[in-house]
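Listed next: structures, encoded as structure tokens.
In the two complexes that follow, chain A is the common piece, with chain B as its partner first and chain C second.
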Partner chain A sequence: MSALDLPPRPRGRWKPLVAIGVILVITAITLSPQVGISFSFDAIVRNWQNGASKIFALVQPDWSFFPRTIPPLLETLAMAVIATFVASLVSLPLSLWAARLTNPNRWTRGIVRTLLNIVRSIPDLLYASVLVAMVGVGALPGIVALLLFNIGIIVKMVSENIEANDAGPLEAGRAAGGTQFQINRVIATADALPAFVNQTLYVLELNVRASTVLGLVGAGGLGLLIDAVRTFYRYDQLSLIILEILVVVIVIDNASDAIRRRLV
Partner chain B sequence: MGAVPFSIHARDVTVRYPNGVVALDGISLDIQAGEMVSVVGLSGSGKSSLIRTINGLVPISSGTLEVGGRHLESLRARELRALRGDIGMIFQGFNLATRASVLNNVLVGRLAHTPTWRTFLGVYRAEDRQIAYEALERVGILGKVWDRASTLSGGQQQRVAIARALSQQPRLVLADEPVASLDPPTAHGVMSDLRRINRDLGITVITNLHLVDLARQYGTRLIGLRAGQVVYDGAVADASDAVFENIYGRSIENRDVLGT
Partner chain C sequence: MSVPSLFTLPPRPSRRGRVAVGIIVTLIVVAAFWSININWARLGSLPAEILRYLWLMFSAPDWRKLPEALLQTWRSVEMAWVGTVFGLIIALPLSLLSARGFAPAPVRWGLRVLFGVIRAVPEIIIAIVILSVTGLTPLTGALSLTVTSIGTLGKWGYESIEGVDPGPIEAVRAAGGSGIEVIRWGVWPSVTPEFISFWLYRFEINVRASAVLGLIGVGGIGDMLTSYTQYRLWPVVGVLLIVVVVVTMSIDAVSGAIRRRITEGATVRELDR
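On to the complex of A and B.
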């Protein structure tokens, strides 16, 4: 019986365990009273009945409220579509600008990325609040807030996709004497198209949901109505609005699938 | 076509990569217009660097390199693009934009001759499209012109890549291991295409290969590289097995021939 010539075990077998350990430690820190958030389960026991009455109202939608929800619902949809459309126009060139493969210039790339990091780090609700103060209550501040929010998302995801794509086709364009602009237009855009379409469709869905929140600060759409019915504790009306949003999200989701199948 | 094919004159060309690796170590070569040259060597011998140096994808560290009468080491970006416009390149991995149509891939070969606004709007001149169709016809896959590149087989994709190079109306074609990803019959088909480009159109063709029999069958001149230096430069007919063994630094093995 001869000993098998087993090659040495690969290193790094402990990595998953280390990762799990790190996650546990971080969780423990966030739960500790000194560093982390404080919460107690007593509150749930004491207050659950308050929530229960709201949930009871929520499961009984007030269908007669439906006609009043239509104009704001249409406004929400219009805001979402306009913001998505403009964002997609702006985001494709910015994505090409933000990726190393399609923009070898370290300085312009750094500027675009830094600006987008700033845009992304500001919450959409804050954009909406500031814009409402600047241009007044209505759909316009909502659209601009969604637009900024969308550009941040699409450019981030699409430029990362471009980085992950094969550099070979771009090199072929360079070898054929194309300028970076031509190479980006003809080759990189074709390769990045699936990611771009996916992100744009995803952002459309996000916008329908986000515009309900933006309405809370006066930026138009269903959010204004949500704020109104919530103030009067009309959870039966609120639940109707939530159902409508659910239907819209499902419709967009199915439409996205259909578009993706044809385009991608 | 009518344009004069390119000749190449290299003097003590050295290429050192930023990580310190010396890929080409003082190479001197003269390749005349219209030659069909096979460059042979093991992987890492510098043959890929040599081909990429000729069209400026890899910058020269020292020495002088003259391609088509222009000195690469002193070209500005715009002049380098114009020179590349006259040099077709074929890659081992085809390097097609797989999501784009065959036609749009071939039209990449017209980029250097197309104004930026036309590229931006995607409206190509009728004569550019005609050139692309003729290039596809020459490699026998015009029927695939509207197909998406990803739907083609490997051999068909490499033919599209050759058509892309041809549509440049090149004066020099560089092929970097063009058949290493193909099965033997397809490999011979692609090598025959390259030989026809050389014979029928008179274009200078330089092909990197690592297979002995392909180099013997399709080249007229053989350049052997080992560790970034030229260890053989002569007629293919004179290159005995001993010559190849010297280039490879070991005896010829089964994996060094394609077979049929």
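On to the complex of A and C.
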């Protein structure tokens, strides 16, 4: 056997090719005009003139519009803060309830987890649009929508963190004769606190981003204004709002990063 | 000289920082509650009201609308799929260009700022901008999901490329490989599992987002849901919500299983003895 013989090629080299083939076929189906979304360049070319002027308006923000955007912007931030605050209050006990180490009862744990899985699979804006029809236009349905969305996220992440934590201290608590409630309150909560703070800050970031558009379905905040300027095709005003969202989101992200580094 | 007692406790760690943060957070929360214009009296009746509507929606769901609901869901999933595929095709080279060591610094920082801007703007606003060119069609939805996917896939991509073990890259360079060969043999094999996992995860996000995009009228399940909420046909709304939950959860389950299979490898089978 010569020294330059190459090792045999690994088997299964056809697998990626098959995967790519399947992806291409599905993409072709989704792009076909009969059953798909009919990707056509004609429409884009036809509307290009119309669209180009709008896009052009986007790069020239209407600064005189700025004062009118301030109250909705503040309302948006208030919605985000309130939803985060209430969600954090509700989520900590629910997270303890949903984790195996802090709730040994399989049935109650399963119920909480299933409910939260269902809650998590509906996007916030869909909640908002249904809630607006239920309780009327305003900030309240927006806050409730954010709340539902937040509880799902915080409880999932924090309860997973509790399960990943060292079970030793909890066993020590049990050995010392603590009831499950005492163990959860004194030991598990302290262990889960960094993860909890981390997730709460993360949810605040998500909320600031999400609350800016909740108004599109009538749930208060900056979105109401977005809806108005979009109906009148005032893309110069829209671009100012987008700029404000950008600034606010980036400021909040950085602030929450700074807090996170200090606390966690 | 007194011997320190065995029972002296160590000094308490300073709590000043935490107290300060606590006060600031409390002030912000109070200001938020104080500034917002809500009729708090309605809050008391809210749970009962929501329960009443839940009863209206789910006590007798109107299953006759199921076929149309499934068709619209298919539209939404199509938007998500096309958005993901286009997004990954565009994001792949961009994430390479924005990783350290593959392109000049101005290109790198420009792309990173672009990814950051895309991620900061909600997808529905991107859709509003795109719709001025393409109109209220599912194509608008697919294109705006493409743009948002580029934002996240680009960022995850360059982070993952920068985390690659430099050994294979050096080996390819030492063997005289060109830039393309470095990427193909030094970078690609190490990042593929992560990339596929990112793509699938982004698809899951896009499925949710595509339902939302329907709200501005680009079609799909979100569009149908807003219409029926506005008609106040609650039994149909109930069916639509059930469809959204079932479809989202099943796509998450399948995609999650594939992701685990790719990142963690096959489950170890019982060995033959």
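Remarks
Methods note: the second predicted complex is superposed on the first by the 210 of 264 C-alpha atoms of A that agree within 3 Å, B and C clash if a C-alpha of one lies under 4 Å from a C-alpha of the other, contacts with A are read in each partner's own complex, and residues count from 1 in each chain.
The working rule: contacts are C-beta pairs under 8 Å (C-beta built on N, C-alpha and C of every residue); 3 or more make two chains touch, one makes a residue touch a chain.
Since the model is a prediction, treat every value here as computed from it, not as a measurement.
In the overlay built on the shared chain, the residue A:K54 is in contact with chain C alone; chain B does not reach it. Judged by the touch definition given at the top, the superposed model places A:E75 against chain C, while chain B stays out of reach. In the overlay built on the shared chain, the residue A:I122 is in contact with chain C alone; chain B does not reach it. In the overlay built on the shared chain, the residue A:A228 is in contact with neither chain B nor chain C.
Once the two structures are superposed, chain B and chain C can be ranked by residues of chain A touched, with C on top.
Of the two partner chains placed by the overlay, only chain C lies in contact with A:V135; chain B stays clear of it. When the two structures are aligned on the shared chain, A:F85 is found in touch with chain C, with no touch to chain B. Of the two partner chains placed around the shared chain by superposition, chain B is the only one that A:A190 touches, whereas chain C remains out of contact. Once the two complexes are overlaid on the shared chain, A:L216 sits against chain C while remaining clear of chain B.
In the superposition on chain A, A:L148 makes contact with neither chain B nor chain C. Once the two complexes are overlaid on chain A, none of the chain A residues touched by chain B in the first is touched by chain C in the second.
Per the touch definition, chain B reaches chain A in the complex via residues 55, 57, 81-89, 91, 93-100, 104, 107-109, 111-112, 114, 116, 119-120, 122, 161, 164-165, 168. Of all residues in chain A, those touching chain C in their complex are 23, 26-27, 30-31, 35-40, 43-44, 47-48, 50-52, 54-55, 58, 74-75, 77-79, 81-82, 85, 117-118, 121-126, 129-135, 138-140, 143-144, 209-210, 212-213, 216-217, 226, 230, 233, 235, 238, 242, 245-246, 249-250, 253, 259, 262-263. By the touch criterion stated above, chain A contacts chain B in their complex at residues 166, 168-169, 171-179, 181-183, 185-187, 190-191, 193-194.
Chain C meets chain A in the complex at residues 17-18, 21, 28-29, 31-33, 35-39, 42-43, 46, 49-50, 53, 74-75, 78-79, 81-82, 85, 116-117, 120-122, 124-125, 128-129, 132-135, 137-139, 141-142, 208-209, 211-212, 215-216, 222, 225-226, 229-230, 232, 237, 241, 244-245, 248-249, 252.
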